[in-house]
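Please go over the structures that come below.
Each of the next two complexes has subunit A plus one more chain, namely subunit B in the first and subunit C in the second.
Coming up: the complex of A and B.
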């Protein structure tokens, strides 16, 4: 019996999703003994092939995983080749599902970004690389270009989540996406209303570090901006969210808890309903830090 | 008419790269380019963000070494706000950096590079990879996978998140370490040191001989080097002064905040990564393989070359053995791999030293920070080389300007020269096969780009 075939490709990505899979330890070893990996630039020497018409061909696979958003002509061609070669396609990580941090560049035009990146510090101030793959006008999520069968957000998704989804798919039972918010998975103490404002994270949270998180007052109630209310939970598995374990507020890396919603608007709503004045917040656009694809972040129109 | 051979993608490295080899009419290599492609735009989109948020944004430059960007950025933001971290804040940050180096070196050496020299570079690609290593050396591979995972789990144990971390914050660290956690980390750090020594012995018996025998000279070029040393000239990864060494061995030390007097960036039309060169040598920049100009290397071999000594005993023994066999500076490109394991030993020893510091559990992990206008430059030695983050802020403490010099960019120019050298020595009459092209890629993998 032939093993199920897996194919991995990365686009506008950082490799964090792939490292998270490697962090699974023995579960990674078990997984690779149950599948045949046919394409994975990080681990395997398979090269790109083109057919007679010049179309990029990748090996046929039962399950394909794509990390990263789509930000250049080359990445667009790759994601189309992945879709064409994989029976089931998973968008792996928040860059693939919502654009992720790199989609913050959608607040500027590509030309503006090129100017900023290449003008400073270089010896020939006006020189741009011209022979590289053409950047697209913005950073897209994978499902803006091809049909995706499963979304697995997270920056990165935990090892357990990636292995869980893959073994689930191999067993024909991929399970359900978590619909709880970070707040609903957070053990900190809640009760009081907010402090009237939300501040910057310039001093550590109040709460004895020797005592468990259940003894610490909710960070929003302490007056620290935390995106727990509008962010998809699950980063901590059955335990506390990962950033909260370090006593640091959530910044939304698993994307919005409600599919298709705008975390900026939802967060402003959540603050208002808790009597917190959102005008105390600096840099509201950063609430879309992980979700700038799907047209959420756009360049500001210049006033003439 | 000559023609072009393309290797795309370069595999078993982090990120996207392609190699273009240009052959002349006689089928000899006339030119070679390693193109790293991806416009990320971090220097653009950090503009306007509150500076204290930057350390948790720039992590996404690299998912293998997010801690390096996290820490270089947080040091730079300390500078912008004119604050110093507390003693335990400092120790905790360094411990994170050292543990991150450990996972990275195991990943690079065993998962990415070793299939070429523990297995066979000519082996079929279905075998020449970590899965092949698992089948051929199951005990070693199992230990490799678990030890890498352990280093990551240790980070998560006291810093919450290992990949794309959040715990280093302006003016210190976000949470104090508890004594029971320190004890458990110490036990694990000792296990990692055992593994590092075992890995070194294994490599000396089964891998390094091939690097200096069968593959001798692959990708070798003559360049300068740069790394970080402390006041006694000992190799440091977390802080110290930069040492820039000329190809002949003479060197000059300088502070990272003065980097613009010594280094400059160059743009080539075929690479979206900028190339850094030694401006202070006054010869400009040239990739001409006959007479390269301004070119130095960073990363493991460079750090070993520039230091006078290692700061820990086992690593010092290893440096002495390395130096007695190969001299100083060592130009052999594939010896980056050997140097990588010497640094692995240092990192494990250093993690134990840090955990043995009583101050590491001091609950005063963070000083108070006030946002304001300023300029800050932060640097660390990332696994891939010297990493420099520079920011300027306005009165509100929001970013007005950023410049990032990422470890790999120092090595882009030398990597091109190494690939050209390797390709020219391996290819004649235009004859190539998959095994030859993989050996050309080995010249890239040594740099762990």
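Coming up: the complex of A and C.
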């Protein structure tokens, strides 16, 4: 009997998701013995082939994992080839599911981004590259272009989450996505409502780090901006959310709780209706740092 | 192109929707492009509903509730007001002009005030379209 075939592809991403999978150690070796990896730019030297019509061909696979958003013509072609070659397609990591960090460029036009990133000028010494693939008008999540069967957000998803999902899929029992917020999985102590303002993510939490998390007061109540209320939970598996374990606030990497809801608006709305001054927040647009795709971040239209 | 901008107006059941009712009975004139959606309280209008309306093609969104201090649910409209600042601020972040949103208070006995609010908002959106000259701007330029 042939082994299930796995195919990996990366788009507009940093490779952190693949590295997270490699971090699984023994579990990864067990997984590798159960599958055949047919395509993975990180691990295998696989040449990209085109058929006679010029369509990009990738090896056929049972499960495909795509990390990264879709930001250029080349990546669009890759993701379509992945969809065509894989029976089940998984969007791996927040860039693939919600746009992630690269989608922060959606708050500017492509032209503005290029002019910011590259030395741009009329002289010949301009550093603007001519050989990069044509950028799309914005950074898209994978599911905006092709149908995706499973979403696994996280920046990156933990090794356990990726291995768990893959072994689950191989056993025919991939499990259900959590539809709870981070707060619902967070063990910190909650009581009073928050104070007047919100501090930055970088502010230190109060509380004895030697004591368990259940004795720490909710970070939002401490006046530290925590994205827990508007972020999909599940990052810590059955345990406390990952960032909270490190006594730092949730940054929202799992994307919005409900598909299509806007974390920035939700968070500010929640703060405002609890009497917290949302204008005390520095750089509020960065609340969409992980969820800029799906049209969440847009450049401001020019006023007439 | 439509001549009047499409407006979604969330009216609370207890004051502004009653005022809209009365405006109808009193045959007050206001732009027909206003689409009223009755909600139980202005405080239940989630900011995302406003953004959704704009994303779906509305040119402007209004939230109209009871006067402050007269909310049927004691402080629903105060919550709406707190959120309104958030909406106005974040609409700019989302790529919409903040003028596309307005919050107004109208009691059930003030249909004229409601009709006037609709007309004024329509005018504001027309200015945004560039159809009407911005009177305040031209006045400023004289000084």
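Basically, the second predicted complex is superposed on the first by the 289 of 304 C-alpha atoms of A that agree within 3 Å, B and C clash if a C-alpha of one lies under 4 Å from a C-alpha of the other, contacts with A are read in each partner's own complex, and residues count from 1 in each chain.
Simple rule for what comes next: contacts are C-beta pairs under 8 Å (C-beta built on N, C-alpha and C of every residue); 3 or more make two chains touch, one makes a residue touch a chain.
Since the structure is predicted, the reported quantities are computational estimates derived from the model, not experimental observations.
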Margin query: Should subunit B and subunit C be called a clash or a fit once both complexes are overlaid on subunit A?
Written below: fit
Note to self: Looking at A:265, would you say it contacts subunit B, subunit C, both, or neither? Reply first, second, both or neither.
What the structure shows: second
Margin query: Quick one: is A:202 in contact with subunit B, with subunit C, with both, or with neither? Answer first, second, both or neither.
Written below: first
Margin query: After superposing on the shared chain, does subunit C or subunit B touch more subunit A residues?
Written below: B
Margin query: Which partner chains sit in contact with A:29 here, subunit B, subunit C, both or neither? Use first/second/both/neither.
Written below: first
Checklist line | Partner chain in contact with A:61 - subunit B first, subunit C second, else both or neither | finding: neither
Notebook entry, point to check: Just subunit B (first), just subunit C (second), both, or neither: which does A:279 touch?
Noted result: second
Margin query: By the touch definition at the top of the document, which applies to A:86: first (subunit B), second (subunit C), both, or neither?
Written below: neither
Note to self: Quick check: superposed on A, how many Å separate the nearest Cα atoms of subunit B and subunit C?
What the structure shows: 12
Check: Do any residues of subunit A touch both subunit B and subunit C, and if so, which are they?
Finding: 107, 285
Notebook entry, point to check: Inside the complex, what are the residues of subunit B that reach subunit A?
Noted result: 7-9, 11-16, 35, 37-41, 43-45, 47-50, 52-53, 56-57, 60-64, 66, 107, 111-112, 125, 128-131, 134, 141-142, 145-146, 148-149, 152-153, 156, 159-167, 169-172, 174-176, 178, 260, 264-272, 274, 285, 363, 365-366, 368-371, 396, 398, 401, 403, 405, 438, 441
Item checked: Of subunit C, residues touching subunit A in the complex -> 43, 46-48, 51, 55, 79, 82-83, 85-87, 89-90, 92-97, 128-130
Note to self: Residue numbers of subunit A touching subunit B in their complex, please.
What the structure shows: 10, 12-20, 22-26, 28-29, 32-33, 37, 41-48, 71-72, 74, 100-102, 104-105, 107-108, 110, 112-114, 116-118, 120-124, 127-133, 135, 155-156, 200-205, 209-210, 242-248, 251, 253, 282-283, 285-286, 289
Notebook entry, point to check: Okay, in this complex, where on subunit A does subunit C touch?
Noted result: 107, 261-262, 264-266, 268-269, 271-273, 275, 278-279, 284-285, 295-301, 303-304
